[in-house]
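The next part holds the structures, each set out as structure tokens.
Shared between the two complexes below is subunit A, which pairs with subunit B and subunit C, respectively.
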Partner chain A sequence: MNGKDLASLLATATCALLGTSSPARAEGEKPWSLDTALLLYKESDSRVQDVSAAIGATRRFADDRVLGLNLTADTLTGASPSGAIALDRPQTFTSPSGKATYTTVGGRIPLDDTFKDTRFAGSASWTQPMGRLYTVSGGLSASYEYDYRHFGANASLSRDFDRRNRTVSLSAAWSKDDIDPVGGPPLPLSQMLDVGATGNKAGSKSKDVLDAVLSVAQVVGHDTVVRFNYAYSRSSGYLNDPYKILSVVDPVTGDTSTRTPAATGGPDGVYVFESRPDSRTKQSFYGEVKHDFDGRVLTASYRYMSDDWGIGSHTVDARFRWPLGGGYVEPHARWYTQTAADFYRVSLVRGQALPQYASADFRLGEFDAVTLGLKYGHPLASGNEWSVRLEGYQQTGSVPSGQLIGNQARRDVTPDLTAVFLQFGYRFGL
Partner chain B sequence: MTASSTSLRRTDDHWVGGFTAMACPCEVLVDDCTEAEAAAIVQLASQEAWRVERKFSRYRHDSVVHEINASDGRGIDVDEETARLLDFGAQLTRASEGAFDLTSGVLRKAWTFDGGNAVPAPETVTALLAHVGWHRVRWERPRLTLEPGMQIDFGGIGKEYAVDRALQLVAQSHPGVGVVVNFGGDLAIGGHRRADRAWRVGIESASAAGRAARTVALDAGALATSGDSRRFVVKDGTRYSHILDARTGWPVKDAPRSVTVHAGTCTEAGTWSTLASLKGAQARQLLEGSGKTFWLQ
Partner chain C sequence: MKKLIPVSALLLLMGGCAHLGVEPWQRDVLARPDMALDANPLDAAIDDHIYFSKEASSGGRGFGGGGCGCN
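Right after this comes the complex of A and B.
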């Protein structure tokens, strides 16, 4: 009997004796673990509403090799602020497609309600040990929307030190996104034109993003893990939001300059499309502490981010999980604040030279945000687990008073935001 | 320590449970947890060791093996667990081309491996060989029929089997907890240690019983050792190992004094170390073809 036949005979005989199907796997452990989630996100004032379904699958193989797969489908509907300022009168805009107009009510921040999207995203990753102390992983990701396509690749290498009490990892990711907005991407700072006019629209655009993260995780004693990350990210290419505009206003009243649209229809004011730099470099530092208080686990983290657009942000996040009635509850609190980008403007002034870069997108302005939430998770005897999570989000923006002209000072200029998340999750083995 | 009591003590980062079973000192190491959980795990492992010992000991009158050995030519219907062990023994006989045999126990009437110098007369061994050999056995599940004068003995596989069984029971009721089940040097590791530490386990020295020749760091799998540190005879300057070749009735020549193998389960490790010992001088060659990690002394 040769060595291979002998090995297989002995392995088979041993499994038959011990009643195990595979000697490599512990009894009762299922090879696939599936995480499913349904997320409902709803902003107040019938703004954006998102319904998203996600499924994540993890397959464990012998020798700690792991395959991960993820699929997500999203549907977004609702309206979002276009960047134009509120006026006392209604305002008419050409829709992004360039084929129609829409009119917003006076006294409120104009919302573009042509916003609607369906997104599909998928990713796959492979992780495996290399030698005794190293772990390598690699992955691919892609997503598709009718006006946006993403493709990305990533890789990471980690090494254990100090009897596996410390793990240092370095990861890098690259992605290429193609942007093909409805009606074509507008030229930066070009004026919004009448219906049917396409003189300010260009062909499709793209951007590249490169990310690198250096991470150190350290086990401290029996019940504490701390982690530090340094992340670097560089985007280049088309970084504008093709649907965002700025109002061009009278230097005294602060109201939008009027124009007379063509017979076919068009904007009744002067609006220009935003212009952002074609590169952005971000750096962030992140620290996290996880501590086990005899079965109750606190996870607290802080992140500082800064970029060359002038945005700086602080994030403080804490969640505390404690066992309750066969399951666990996990309250969550998060506080976020950011400064505005250097080129953030509420509006542009008629008669003044146009700046090179300008955006009225409130996401690039100064704001604070608070998230409060509660999760309940319930593991079942089978090892499966269901969970439900409810969170509320409140965002409050502010604009330096020096930027407000005339009537703007008495109107609402920053669109505050209130949103609710509700998520159902179920994890099971297969 | 009495035959059915266990002890439990704490070291800096794990618990050590101790008891005696199958004529061996047994140890159960449990990674950091509460004393109650550690005690429950040691209890579970020791109960299983004693159960296997009671059921398969050839010295106890209430054991299955005793019933079979006293059958005097009658067929005996055995339970599922015994049937699985008989099937397993038959496979080992096949794998070793007859060198390993569950019926070779009667040869002990001629051989006493106590470190002394009693070597039997060749004709005594030849006479006993008439009662040895799986080919003389009728095994039709669940009925086993031995010829009068034959005996079976699970001594070659029982201890490793008990280790795996005990570990299975612990893993079922305390999933994930890092545990080492060590019955007289044959051991298996279950669960995961906190902070990913490995266990340090000793491989017994071939020349000095009870002393570790070396320690190895392991985080999974099992070790089994086949050797003659305690059981051998010396006659006219020749050291006879206690590993008997069932085909000749004589100890295997030039066998390593100790063979330790690492495998997924203790039973599998034990079969490789036993088969390697039976190969004598070719032990290393067999193990090199096995793909397993091994240590020879």
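Right after this comes the complex of A and C.
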């Protein structure tokens, strides 16, 4: 091993112990390390498609000072479940803009295919040692969609203990997001109106999110490292999804109540916009272990999350990196399960008092999800590396039978999701 | 009470940490890039954004991502 290799290994070891990303890669002396990715994401049934390009750049300076930059651009198209229930007949809705209608086929869960979005996101961070045992970092993040803007700031402080075998970090982040949906944010639980009617729309909204993470990374042995995180997150402000609705149904048949649209066009059923609480507190525990089996590396993690909306979730994730030829393969499996929010409803019943909060967004319902994937990475003689990754994701929802009314029991009520994503990556030094 | 169990486990583990760890000259395996805790930050960020948009949980490993995730 020559001196440069040794210096590179030592630098990476420091990063490993600090629990930070690894800025000094095999190319060693090159000051910039760039990580690029092109992602193609596609859901079944012509639902969401995303083409995304991302670049992460790390510039390493003397004395272990590190600048990190990230940029991402996404283009989303396709259709998304609106929250309305399936009926045997076609259904007509006013589009979020309030300027047109769209009609969905009978027998299937209605999808809103009117969205098209482009998202740009960027972040910058600065990390540096402070004294012999401390490391501080600070960063800014921002993202832009035509109906959504995010701005955030974060800071973290780490300290090494026990011959740098243990690193304890405390991080905090704050963000402020502005939401300006197409056609204006609808008033919670207001009815979907005819084309051209704007009486149920309000001005733009915002939300604040405060996050804190306490992290302990510990070297267990020469081939094993573990990490434990406790994370606290509090969101307040406008937490609705402005595009999600609920069907108002007949108490006996369970079918959506009909209405006569105006001559300009409008919904042919009664639908109301969702209503979520204006604050949410989440807590999560995360544990991760990384173990080397003579060159093969297992990374396994578990996360438990619960919030004050009644949602609890478990996530188990494992990947195994296996050298193959001049590169490596890395199979990946992930299992996720969540319980429903207290205010999750398949539909609302006509004639009953409206609850304070209600949402039919399937992401707040009860479901299990499985991801299976495989990555192949190939380092080059230059120290650069290309990789390709294919992952398949499947969500299977369930609804308590007590929530189903009349005909709903014989129809599909959860919009199960299948998605595939393919990612090409290239990592290089400059 | 349920929430206290992971915290207690963490504290117990930290208490036992005096017997864990290695000397500086035993770090050859840990020093490899593939043994870094965040070996693939870009993959992790992409995954986090996808799951943030499709599930009710986010973050845990680090901070949740930004954006609407409306669709």
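As a working rule, the second predicted complex is superposed on the first by the 402 of 430 C-alpha atoms of A that agree within 3 Å, B and C clash if a C-alpha of one lies under 4 Å from a C-alpha of the other, contacts with A are read in each partner's own complex, and residues count from 1 in each chain.
By our rule, a residue touches a chain if its C-beta (ideal position, glycine included) is under 8 Å from a C-beta of that chain, and two chains touch if they have at least 3 such contacts.
What you are looking at is a predicted structure, and each value in this text was computed from that prediction instead of being measured.
Judged by the touch definition given at the top, the superposed model places A:113 against neither subunit B nor subunit C.
Shared-chain residue A:228: touches subunit C; no touch with subunit B. By the touch criterion defined above, A:308 reaches neither subunit B nor subunit C. In the superposition on chain A, contact of A:165 is made with both subunit B and subunit C. By the touch criterion stated above, A:180 is placed in contact with neither subunit B nor subunit C. Comparing subunit B with subunit C, the partner in contact with more residues of subunit A is C.
When the shared chain is aligned, no partner comes close enough to touch A:416: not subunit B, not subunit C.
In the superposition on chain A, contact is made by A:219 with both subunit B and subunit C.
Across the two superposed structures, the residue set of subunit A contacted by subunit B and also by subunit C is 9-10, 12-13, 16-17, 19-20, 26, 163-165, 219, 222.
Residues of subunit A that touch subunit C in their complex: 9-10, 12-13, 15-17, 19-22, 25-26, 35-37, 39, 41, 48, 52, 54, 56, 70, 72, 76, 78, 80, 115, 117, 119, 121, 141-143, 145, 147-148, 150, 152, 154, 162-166, 171, 173, 175, 177, 179, 209, 211, 213, 216-223, 225, 227-231, 233, 241-243, 282-288, 290, 292, 297, 299, 301, 303-307, 309, 311, 313, 315, 321, 328, 336, 338, 341, 363-364, 369, 375, 389, 393, 395, 417, 419, 421, 423, 425. By the touch rule above, subunit B contacts subunit A in their complex via residues 32, 84-85, 87-88, 91-92, 94-95, 97, 161, 164-165, 168, 171-172, 175, 190, 194-197, 264-265, 267-268, 271-272, 275, 286, 289-291.
Against subunit A, in their complex, subunit C makes its touches with residues 3, 6-7, 10, 13-14, 17-18, 20-24, 26-39, 41-43, 45-46, 49-51, 54-57, 59-68, 70-71. On subunit A, the positions that touch subunit B within their shared complex are 1-4, 6-7, 9-14, 16-20, 23-24, 26-28, 160, 163-165, 219, 222.
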